[in-house]
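Here the structure comes first, spelled out in structure tokens, and everything after it is commentary.
Lettered A, B and C in written order, each chain numbered from 1.
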């Protein structure tokens, strides 16, 4: 799973626990990034973008493919991955969502499923089913950060993820368009009265949400050293659970839900059962929907 | 050649049952189940296990499959059917994933390798090993499913269901227990899927998790959408088309999923009522709300 | 400034406005009064582009608005304070005000206007960072009006500004509207509360089941026996006195 130098530390139960915790937070950040995409889109459209996982995958692929050529510097490749994911999100919105405005909610849902399958198959056809390792090797050292057995890879990913999430919060709170997006999510008609073009804000939401998901994909491509067409399927679904857990439509909720889910999965896999690891997300989803459907931080019902 | 046609016909028949059963959920409960193949799988394994371990005669095994699937449908539907469409869709999908995992990991289901050597049905001394005979058996299954659906639609309960679908609040005011009906439909649909599973298992004789995963669930959804959500005949048509076409266009096999995905999007954008939508179980909800 | 000619509009299959004609001149305060369901809000929504115009004309400063999408209306100089205030509850008071000026490009002037409004209505400064949803009804109405004023409209439309407010708050709101009037802002006021509206307005129209049945100066309407009976009758006295 992690492919850098092993932690030269005694594997006491505490360190193992902490390792699982850190691992959970790391994968949880990826879930959180995708969940943010879901939650923003749900907030403004009231729809679940089923293909969010494929956008995550797209970000990873663009970066990996560019890096594999050996001609592209790392940061440029990452930026390209983000842009690629954003573009895909935009296309998706135009093709699979916008024409279905006003129809029964089942319709865009199934449409998104169709888009998801289409994209997965397309990637399969174009790139083959095999795992691609990340084209760059990083020299990550094991560290001991205040007693936490974290290594620099995890630290970097966590920081980067937190950075993106922080940027999003700043965007939504302090920029003109960020506030406009929230306004559209709260009260579409009144937003229009302010002169806000809701269609454009929807597109912007897709762009931002997709870039975040793409970032998550790139991070996991590095972390697991694996990029493959189906890589977005399960994380996409699990991220939805994370969004629900935190409260759909609620941005801090998506972050919280993602991190919690990641940790729950990691600890569950280590201490309860690893073969049913993937079921944890869905069990949590069903429990949340039954017991407290608005999620932890109280999402907005639509 | 005829053997191939018979084989296709059997598969088509099984998928007809699956599509018609999913259509019940879509057309009457107004929900989509993205994990329908899970009930298909549950039925298959239930029938297999009971036939192999206890040498139960086939009809009872099939009934048992329906019962187990139906109960699972009840168990899933009871707490979740009140959720909104998109939430329920993901819950059913998650359910499908969980069942997939369970099938893959449990010992009695043979783990990832599945179960080999599912017994051939023997009814009243007649062995159904001959594919033509099996086709007859499947035909019986299809006939039963269609008859059941037809009777349901035209019964008092069918009218109650229509009332719920079209004007839920009014129906409730009139004393129709809407949640109960929706759950019942869900359970019945699951039971039918279980029947299909049983028929499948005893035909193909070797079952594993691959046949009952998300891929299959989506395929069934495609069939229903293609044929027209809410139209029984449409589901039959959709099932036949999507069983026969991939086989006749073998060279496009690798593009199969691509086509399914693209088909779904294209259908919903350009012709959401599918081929025969606005038929018997016509759904007004496909109309745009403005 | 604003002219409606035989405006027809409705919801779905139902025609609510059956041919409304009215006009507003610059600097005037015009009120549209009527009972529940008469079509008052519908009229404003049709002008604002939130509701499609079926037939007839909506002319503003010589421009036909009937095909203009809602988000472009405010840029043309028309702002609406919607029914029920509709502040963005989870956004801060400040954010609400800033959104009111969304379409404006002159950021320095926007800042100045913001400070100006905060001067006039100290509550907006006090609660600047608080979510708008925590404000009381009266405060929200002040916010909603200020938010619309942030757009620097030529014509300000208000949809039942007194609705759901205590008598004291209604007085407060109308005092503000009077201030606006004195500063020369053109107002189109839709109200169920005919008494307060007619006290403020220069002219008025009475709408009933989608048609204008009466129009005249505010004084004329106040003296009109029909109006008195239907809209200024005993029932209202309890609320107002």
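Keep this in mind: a contact is a pair of C-beta atoms (placed from the backbone, for glycine too) under 8 Å apart; a residue touches a chain by one contact, two chains touch by 3 or more.
The model shown is predicted, which means the values in this text are computed figures rather than measured ones.
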Where chain A and chain C overlap in contact partners, by chain label: none
From chain C, the most remote chain by mean C-alpha position: B
Core chain by centroid distance, with centroids computed from Cα atoms only: A
Centroid spacing, where centroids are CA-atom means, of chain A and chain C in whole angstrom: 44
Between chain C and chain B, distance of the C-alpha-averaged centres to the nearest whole Å: 55
Gap in Å, rounded to a whole number, between the CA centres of chain B and chain A: 32
Interface hub residues of chain B, defined as touching at least two other chains: 290
In the complex, chain A residues that touch chain C: 176, 179-180, 182-183, 186-187, 189-198
Contact footprint of chain B on chain A as seen in their complex: 47-48, 95-96, 99-111, 113-122, 124-125, 234, 237, 240-241, 244, 275-276, 278-279, 281-283, 285-286, 289-290, 293
Of chain C, residues touching chain A in the complex: 48-50, 69-75, 79-80, 82, 86, 88-91, 95, 98-100, 102-103, 147, 151
Interfacial residue positions of chain B with respect to chain A in the complex: 26, 30-32, 34, 79-80, 83-87, 89-91, 93-95, 97-98, 101-102, 104-105, 218, 221, 225, 229, 254-258, 260-265, 267-269, 272, 285-290
